[in-house]
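Two complexes come next, and they have one chain in common, chain A, joined by chain B in the first and chain C in the second.
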Partner chain A sequence: MDKYIEMIRIRFLMMLAYRTNYYTGILIYAINIAAYYFLWSAIYGSKSTMQGMSMAQMTTYVAISWMARAFYFNNIDREIAMEIKEGRVATELIRPYSYLGMKTMQGLGEGIFRLLFLSLPGIFLVALFLPLRFPTDVHTWMFFTLSIALSFIINSELNLLAGIIAFFTLNNEGLLRAKRFVIDLFSGLILPISFYPDWAQEAMKYFPFQGISYIPSMIVTGSFQGQAILHGLLFQLVWCVLLLIPIQLLWRAAKKQLVIQGG
Partner chain B sequence: MNAIEVENLRKEFKSYSSRSGLIGAFRDLFTRNYKIIRAVNDISFTVKQGEIVGYIGENGAGKSTTIKMLTGILTPTAGKVIVNGMNPHKEREKFVRTIGVVFGQRSQLWWDIAVQESFRLLKKVYRVSDEDYRQHMEHIIEALDIGPLLDKPVRKLSLGQRMRCELAAALIHNPPLLFLDEPTIGLDVLVKLKIRQFLKEINEKYNTTILLTTHDISDIEALCERVIMLDEGKIIYDGSLKRLKEKWGEGKQIQFTFAGEITFHALRELTNGLQVIWKKGEQDNVWTAQVPSALLPEVIGRVVARYSIQDMNINEISTEEIIRNIYEEGVVHG
Partner chain C sequence: MFYVSIFFQYMAQYMKTKLQYRADLLVEFISDLMSQAVNLVFLLVVFGHTSLLHGWTRDEILFIYGFFLVPYAVFGAFFNLWDFNERYIVRGEMDRVLTRPVHSLFQIILERMELESLLGGVTGIIIMAYASARLSLSFHWYDILMFILFVLGGAFIYAGVFVSLATISFWSDARTSIMPMMYNISNYGRYPIDIYHRVIRYILTWILPFAFVGVYPASYFLGKKEWYGYAFFTPIMGVIFFGIAVVLWNAGVKRYRGAGN
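== the complex of A and B ==
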């Protein structure tokens, strides 16, 4: 376990090596939140609620979704693909650790770093200008914490899957872009799932995407109460476990198939 | 105990070829042509604990592929591999604790962070105790003279500095077996000497087995008692460097610097009937003759009697030359 914690530390150091990225990062997140805030205020107009969400809840939903994204979002899919493309995966495979486990830990290091140094300052900045209303209930925050931890796991698992596919195709840039867009759209980051047409909402139940952003955001805005919270968490947990299966199968096949690029 | 046992090891790759033209490119979208390439073709050898073995061959001969199978990175298509008593691919995590690997062409240190942070992570990864680390690494850091580099990020190091750090990183857990894939590529003479000296030292001190691939024959001469030569995936020579020299390096080389320009034709005429190979040097008046030792006086006598000479050198045929001859001929006969 020591080595995995050490890896989180290393990732912190790596992020600090390029700190200017982070000042711009805070700004970009703040701009995104502001843009969605203005968009939604135009849509709400004079209506007080839509699909059971008030304008205040929607504002908080948007802010929280983006801030949670800073935590669960990582680039390990791209990194795995790059390491395979450049042949650097060879030096990873001669280490006595699980490659995928180590990548996930790097993602976690990145996530914690962004949460502390990007999300928190970002949300502080936004709260100065926009009327955000956070819950005061301790339980809501506990459920939310649990929920974004599961978000991180689901998103990382999807990233690992996308990355492993590079073992077979050697170049999967297009797939990675598509995946990123699909996740932003179907996770509820851009539009809460409750705004989707009924048939789409029904279909979304069979995909892991809403476990990434929609569920934690609904918990923190108080749109989910009681039973709905537990259902949401259970949904996330089930997907965390289910996604392990294709990862294991693909990984086993990938190692057999491995070709090291560049001699 | 044998450090490495390899029996009938084989690795095949699918090599795709693109069809030509636009229509060909469209057809490639659906079906692709490929052929099976045998990068390593049924090789067998064993390496004893404590040996330093040079693994040589031309580019694409299959050296790196072999190393990748021995280190458990690639799965063999067929054959048996036992390294340090284990199957590298089956027991990967346990196995890799017993080896150290340096790839000359890629870094295993983290690019953006200080060298000592990489070391610290590797120390945790290999579960090296503080005491062992201090004892062992202090010595290595001193021997490789990398103390002042430890707090610099890897991207700011020169190639020679980086290579010494890579070597130290591969030895953190003091493995009994070390794989070096072109460790001296692109390094200057001083760094090369330092690395060779260091490798000899750890081989003597810890009885570390070293398998080394290189294109620099002087590495082999300085370090290896034994060489394994590979060509098109097959072993064409396995034995001592000395025997290789005796067998194919017979004779001497004489370099003549003539007073004036001279033609190949005239020289051939002069040594007609003798077993001499003439090669032109860098200038028009410099020629070298490859001569069996017994004919040395005869050849020198004839040349000196006929032409005026500015300078003359007699050399052993270098290992490099021997190996070049073998590569050129392809198969070693005899």
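== the complex of A and C ==
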């Protein structure tokens, strides 16, 4: 266990060394949030609520989903693909830790770093300009924290899956890009799932994507109450466990047919 | 004439290398299409809940988005300066470029062109055709000239902003993330300018004139008379901003010392 915590720490310190890169990161996120804020105010027009969400809730939704993205987002899929391409994965595999576990921990180190240095200052900056409304009761924040942790796990599991596929295809650039667009669209980042037509909402219940962004953001804006919160958390939890199965199966097959290109 | 023949020679070389790796080409096509699909789905879903966005209809907004894709595709095909700092300054490739008897910016444009981006323009034209059929817009023969002029103007505005940013590398070789930031800002031009706060409107018109890439010129074809003045200004803005960029570039090249050996 110690070595995994050490992994988180090292990645965190590595990111800290390049922290100036993140000042512009804050601005980029703020620019995106502001753009969607104006877009949504035009969409709301004179309507007070849409799909059960008020404009104030929508503003908070947009801000929180972008800032949460800074936490759960990582590039471990790309890193795995790169290590396979360059053959470095061979040395990684003989080391005394689980390769996938180590990658996840590195992602977590990055996530914690961005949470502290990008999300938190970013949300303060945005709150100066936009009317954000945060919940005041402790329970909502506790549910949100739990939910965002599960978001991280689901997103990392999907990244691991996409990364492992590189063991079979060697070059999976196209797959990685496609995955990014699917997640942008169906995680609820740019559009709450409740806005999609019914048939699409129905279909999305069978995919893990809304567990990444939609559920935590709905919890923190207070759009989910009581039963709906528990439902959402359960949905995330089930997917966290379910995704482990294809990862394990593919990982076992991948190790068997691993070909090192050079190295 | 010399420059034209150089252009076609580079183009021929480019085709040869690209067609060697057809699978990669296909992947690039598909991922371009997908990124456009994300924006389209957003618009379509949103207009399932509202009929007007600040007085603009769904098909008008689609038309603006379709128009935006065309100058953006032209820009993307010829001005790939994302990694200018790393590729040309840090690795010293600029030295090689400067020893040749062709303007350095022209060479870099040709070396880094990515013609497959032009396919995004085709998507844009299809979206515009769909929207204008639904809006039953009528066009004159000279509108095609206006279209070409506006597309070039828009592409040059984009190019002007991004070339100017690239020239920062001549003065400071530190890596900056201003380019991705600008890319995010440029997305604002795809929507009607009047939905924004007036400070943002002013910036998008005069300082970072991305509104001239999307909403202003598109209003001309949509027959929105109140924006005509801005629409006709598009090619002029293109010339001004690209002119500034070339001046900055030349000044930067003069200062360039070279990082390699």
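Just so we're on the same page, the second predicted complex is superposed on the first by the 262 of 263 C-alpha atoms of A that agree within 3 Å, B and C clash if a C-alpha of one lies under 4 Å from a C-alpha of the other, contacts with A are read in each partner's own complex, and residues count from 1 in each chain.
As a convention for this text, a residue touches a chain if its C-beta (ideal position, glycine included) is under 8 Å from a C-beta of that chain, and two chains touch if they have at least 3 such contacts.
A quick note: this is a predicted structure, and the numbers were derived from the prediction, not measured.
Trainee: Should the superposition on chain A be reported as showing a clash between chain B and chain C, or a fit?
Mentor: After superposition on chain A, which the two structures share, chain B sits beside chain C with no clash.
Trainee: Taking the superposition on A as described, I'd like to know which of chain B and chain C A:Leu258 touches: first, second, both or neither.
Mentor: first
Trainee: If we overlay the two complexes on their shared chain A, which of chain B and chain C does A:Lys205 touch? Say first, second, both or neither.
Mentor: In the superposition, A:Lys205 contacts neither chain B nor chain C.
Trainee: Looking at the overlay, what does A:Pro197 touch: chain B (first), chain C (second), both, or neither?
Mentor: The answer is second: A:Pro197 touches chain C but not chain B.
Trainee: Determine how wide the angle is at the CA centre of chain A between the CA centres of chain C and chain B, giving a multiple of 10 degrees.
Mentor: It is 90 degrees after superposition, to the nearest 10.
Trainee: Using the touch definition from the top, say if A:His139 reaches chain B (first), chain C (second), both or neither.
Mentor: neither
Trainee: For A:Leu13 in the superposed arrangement: first (chain B), second (chain C), both or neither?
Mentor: In the superposition, A:Leu13 touches chain B alone.
Trainee: Check the residue A:Leu185 against both partner chains and state whether it touches chain B (first), chain C (second), both, or neither.
Mentor: second
Trainee: Shortest C-alpha to C-alpha distance from chain B to chain C once the two structures are superposed, in angstrom?
Mentor: 8
Trainee: Which residues would you name on chain A as touching chain B in one complex and chain C in the other?
Mentor: none
Trainee: With touch defined as at the start, can you tell me which chain B residues reach chain A in the complex?
Mentor: Per the touch definition, chain B meets chain A at residues 13, 59, 64, 68, 71-75, 92-94, 96-97, 99, 101, 103, 105-108, 110, 112-113, 117, 120-121, 124-127, 153.
Trainee: For chain A, which residues count as touching chain B in their complex?
Mentor: 2-3, 6-7, 10, 13-14, 17-18, 86-88, 90-91, 93-98, 255-256, 258-260, 262-263
Trainee: If we count contacts the way the header does, which residues on chain A are in touch with chain C in the complex?
Mentor: Going through chain A, the ones touching chain C are 21, 24-25, 27-28, 31-32, 34-35, 38-39, 41-43, 45, 47, 50-51, 173-174, 177-178, 181, 184-185, 190-191, 195-197.
Trainee: Give every residue of chain C touching chain A within the complex, in rising order.
Mentor: Of all residues in chain C, those touching chain A are 24, 27, 30-31, 34-35, 37-38, 41-42, 45-46, 48-50, 52-54, 175-178, 180-181, 184-185, 187-188, 191-192, 195-197, 200.
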